[in-house]
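Got a structure for you, questions after.
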Amino acid sequence: MDFLLASLSDGLLIGFIYGIAAMGLSLIFGVMDVINLAHGPVIALGMFSLYLLYSVLGLHPYFGLVIVAVVGLLLGMIMYAIVVRRVIDAPHLSSLLATFAVNMVIIGLGTAVFSTAPYNVDFSLGRFSVGPVTLIATRVIGALVAILVTIGLYIFLYKSRPGRYIRAVANNKTAAELVGVPSNFILALSFGIGTMLAALAGALIATFFPFTILAGGTYELKSFVIVVLGGLGNPVGALVGGLILGLIEGIIPTFMETTWVPVVEFVMFVMILLVRPTGLFGAKQ
Amino acid sequence: MTILLQVEGLTKKFGGLTALSDVTFDLPEGQIMGLIGPNGAGKTTLFNVVNGVYPATKGKVIFKGKDVTNVKTYEMAQLGLARTHQIVKPLNELSVLDNVIVGACFGRQGFGLGKATPIAEEVLEFVDLADRSDQLASSLNIAQKKRLEMARALAAQPHLILMDEVLAGLNQSEITEMVETVRKIRDQGITIIMIEHVMEAVMKVSDHMIVLNFGAQIAEGTPEVIQSNPAVIEAYLGDPKLAQKLMQKAME
Amino acid sequence: MKNWQKYLGLIISLLAVTLLAVWPLITSKPVDREVAFTILKGIALASSLNIILGYTGYVSFGHIVYFGLGGYIGFYLISQQGWSIYPSMLAGGLIAGLFAFLLGKAILRLRGAYFALATIGVNMAVLSFISNFDLLGGPIGMTLNFNIYKEYGGAAQALQLIFYLMVAITLITIIVSYLVRTSKFGLGLLAIREDEDAAEVMGVVAPNLKTWAYVLSAIFPGVIGVLFFFKNGSIEPHPAFPLHTSIELIVMVMLGGQGTVFGPILGAAAYQRMRGLLLTTPIFKNIQLSVAGVLLLIIVLFIPAGVVGWIRNRFPITRRVLQ
Amino acid sequence: MKRTLFTILTLLLAASFLLGACQTGTEPEVAEEAKPDEVTLVIGFTSSITGKYETSSGRQVRGFNLWMDQVNDAGGITLSDGTVVKLEVATYDDESNTDRIQELYTRLATEDNADLLISPYSSGLTAAASIIAEQNGKVMITTGAAADSNYQQGYTLVFQIYTPASRYLTGAVDLLASVGPEVTKVAFVYEDTKFSTGVVEAAKAYAEGMGYEVVLYEGYAADTSDFGPFINKIVDSGAEAILGGGHFQDGSTFARQLHEKGVDTNLFALLVAPPEPDFADLGEAALGVIGPSQWEPLAAYTPESAEVAGVEWFGPSSDDFVTAYTGAYDGEEPSYHSAGGYAAGVVLQNAVLTADSTDPVAIKAALDAMDLMIFFGNIKFDTSEENHGLQIGHSMIYIQWQEGEDGLSKQVVWPKAGATSDAIYPIP
């Protein structure tokens, strides 16, 4: 029982962070129908940005998060302006390959600068116990930050003017343009927010796991699983999907070998695509 | 006269919205049937249900004496039902000729490539696109694309063609030509249902007409009967007097 | 039209491959044979992928799964069951095809990005399953005893044989690719690629055609997998299912020209050559991935039809020659 | 715009073909015309300049290069008839990836005319390279490739420097029996690669033979960064000692997260990571961690111990090696991978001298007959048909990170004979 509790709480905490990474992917798909294959490298860039801010510039990691967020937003808008804008109405193959090309460029440059060696943000806030469960403080804070980010995103999307524009464009781009929404800027902003969420997730992961320039790939694949669980193009579903994935990762090791986790995840992924491609919680049609 | 197509109580619902309710008609072989009604009346939906794009919620479709309700579109094509689209769907990166060959190869006759080519060339001649046959379909203008749709349908040598607004977007002389073409097709023994908004043309060419409004069948009969039916005039044009004038003009 | 002219497109493609196969025989350098082997493997894999990607328009992002699957089946039969290479190749290809048939029935219902995502998922699911499957060696895979090559007259002869087999498979792949491209079946696939709904309305039985295209495009990677890992002497999960190779194959097809017979040949040869060059040139070595990425971006954004497609579009007269 | 881009692309394509055609010009320079009494021995290998093996492979190559430079600086290897053997190297980057390894080794063996081959780093890459060595009839000395399976494939020309994987952790079990006789439950948590699986399979059988109960035996994927599930399982299993690990990255992460969670354990032994000097970066988490090492600077292999053991001594001492290595590479401390690279060279040198020729057949015979002690330890190869080339002379030593006067330091704790300190037990 203690084992199950410990395992579930670990899974749940990481699930929040999976959730915000997936929200980024889902938001981008929802607004512009693009599956961003550069999502993983952006997560890795978030990790390395935090590393540079903390280990080289000596900033506090949680202050560093703010800077990572701004950098992620700008990076996303630049990516949109240079690449995504041109493939947004092209067939899916074009947008998949274009974003994958960006993936290759980032990984190539990243490898040249950082090599593929592992890095660590050497930062610890200790641990504490809740009943029989021992929790690592940085992971708990990571989950809390992820919740705050989700609330922030929700408020932004539903209460602010640019947020409402984003939802309008996601709903019907042509109609939104007719009523005067600056769709190009809104698309750039959406892509920026999507990459910002990925970068933030990366930075949070970096506060407790080691990482390499290639580490984003794993989280990108997990994000795919999550967005399909929660419904492609449904950011709130993505958070729930993240939690479900976290729980699965917590439960499976309690009764079988941990290496079966990816088998279950990917089989589930394909199954959901086949049986209910709109995800468990519905999605953009 | 043999009945080619029977539609019995056909109903289609999308969630709470009823797009078609209880549509019933018989279509004798060799006729042209005009299908009219205001925008959103369910005309294209009727086509989509008849040729299997959407499953029917209720009702039956019988084609050549065979129950074909909810049969897949490609099976309908093989049984001898061809169709043109309101929003043209050319196979853009294929040549005009190849577009038509697809129709000939996979339609009712299922010709092999060798046989399909001369047939496709003949059909292109018939719709007056022969000089474009090597061009990519994407390079055609809208009127040409409409004729391409027609050519693809014809190449299959079908029993029945569903024509969805083949006249829309054409100028007056193009309309005259197209109407002539439609007649010639009928004269080859092919039955036709055509959805049309260009009233004067459809009145001229139809043997029989059906009027839909909000998914319901509000009138049926010869063009003469339809044009004097007050319910149709009201539903269709709002202003009965103006409508009557227009319809009469169309009949002259 | 003279009869041979009709087949000019095929003749040119076969000639290109034959030249590539003859080159190491002329220089008689084993290293040239290795280079040619790598290029031929790229050509055959890219041409197979082209059947589903280029002709049918379905973006199979995890196509390498069939290479790994066939490789594993064949390797198991050779190393654990003592089969000879020939029936093992056949078995590898058939099982890859069978798997593609069953899977295709299900996932080919998905369109566009959903299909692409599903193929990635399938690759990852198979990879992680095989990593846990002890019959096939689990995470550490299987190895071949060196003595096995004695049956083929020693290691040197075995390598020569493997090369000839690779040449044969490549030629067959290209012939099949050509036959598909110029047949009624192929025309149906092209119609599906352009507009699946319109194709069905014209009577193209899309579900069946797609499935058979998918099966065809899976069989050859399965056979090549058996050959490759037989030569390699060992098989492990990650080298058998490398997602990045899937994407490299797409790049080859795109570079040469998707939907053409000659495109994947040109694309694969150029890509392999270019990658080799980038790797051995000091300035590019560290950022070779970035250079390749920029190149891919240029292709996608500016010449999506690829080199062969571009030439065909610009000089219609070449259409007869460049199929 | 489109046309310009297309032109550029076409030019690039054309250039790649052209350059490809004359690519021979860009390959490593091989021997120039040698003087009559001077022959050049070309040694070929690939290294992982990029990819996941970068760190360990880099050290291995630096060790090897140091040996080669030393030999060449000293005027080469002189044979009895006065012939001077000079050394040349031909090398490529294998990117830590089996994709191209066979192509590269074929190139080394045939194009660059390498006389002898050294293995790449890691068992997986070496398995792929060994086949090429055999196919081309080239002797290959392997270092950094411990898996036993590679020496059970019927090869005759592949020779292993390292202690094979099956004897990596058995000493740690002996150590446990010696310091903690009350322990009954052990857990094995290991990276599921060829090498570590081979290690723990043998160690598990050995531990069970000694009466231990193995309460957890589970592999983790090579790129694991979250050890939470495994740590939870360890706690749940009630294991008193933990053995396992894999390579540096995962091992150090495992140790860090085990420490973070505050798990109590009496003994914690990991593969590969602990002997690396960088392991000290873990700070407190490194304290008490035990690791098997192929070689340590403190290891007491000397001409004297060779005499005691009754085998021949050859080459420099450990001290000389450490001094030369730190001098050559900006004060970088050698790890056992560095020593392995250097040792491969020393073994080669001895084989050439014994064979008194550069003839591959003679060198193979010399290696088959070798029974030698060098700074790295005892070197002797299995010559049976089933296990040809397997290392049977060398054995592991075990280090532990202990609190020293100036911070953490590595101490040799097993075998007792060579120990520099008693093992700390249990881990505080």
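Labels A, B, C and D are assigned to the chains in the order they are written; within every chain, residues are numbered from 1.
To be clear about the criterion, contacts are C-beta pairs under 8 Å (C-beta built on N, C-alpha and C of every residue); 3 or more make two chains touch, one makes a residue touch a chain.
Everything numeric in this text was worked out from a predicted model, so none of it was measured.
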item: Set of chains whose contacts include both chain D and chain B; value: C
Chain grouping by contact, computed as though chain C were missing: A, D | B
item: Furthest chain, CA centroid comparison against chain B; value: D
item: Chain with minimal offset from the mean of all protein Cα atoms; value: C
item: Higher-contact pair (C-beta pairs counted), B-C versus C-D; value: C-D
item: Cα-centroid distance, chain B relative to chain C, in whole angstrom; value: 44
item: Computed distance of Cα centres, chain D from chain C, in Å; value: 36
item: Rounded Å distance, chain A centre to chain C centre (Cα mean); value: 33
item: Whole-Å gap between the CA centroids of chain A and chain D; value: 38
item: For chain B, residues contacting two or more additional chains; value: none
item: Where chain A touches two or more other chains, by residue; value: 111, 257, 259, 262
item: Set of chain C residues in contact with two or more other chains; value: 131, 139, 286
item: All chain pairs that touch each other; value: A-C, A-D, B-C, C-D
item: Touching residues on chain A, where the partner in the complex is chain C; value: 29, 33, 35, 83, 86-87, 90-94, 96-98, 100-105, 107-109, 111-112, 221, 224-225, 228, 232, 257, 259-260, 262-263, 266-267, 269-270, 273-274, 277
item: Residues of chain C defined as touching chain A within the complex; value: 53, 57, 59, 61, 106-107, 109-110, 112-114, 116-118, 120-122, 124-125, 128-129, 131-132, 139, 247, 250-251, 254, 286-294, 296-297, 300-301, 304
item: Interfacial residue positions of chain C with respect to chain D in the complex; value: 29-31, 34-35, 38, 131, 138-141, 143-147, 149, 155-156, 159, 231-234, 236, 238-239, 242, 245, 270, 273-274, 276-277, 279-281, 285-286, 295, 298-299, 302-303, 307, 310
item: Parts of chain D lying in touch with chain A, wherever the complex brings them together; value: 50-52, 54-55, 96, 192, 218-221, 223, 225-226, 228-230, 232-233, 235-236, 249, 252-253, 256, 260-262, 281
item: Chain C partner contacts - residues on chain D that touch it in the complex; value: 1-2, 5-6, 9-10, 12-13, 16-17, 19-20, 23, 26-27, 50, 93, 97-100, 102-103, 106-107, 109-111, 124, 127-128, 130-131, 134-136, 149-150, 152-155, 192-194, 197-198, 219, 221-222
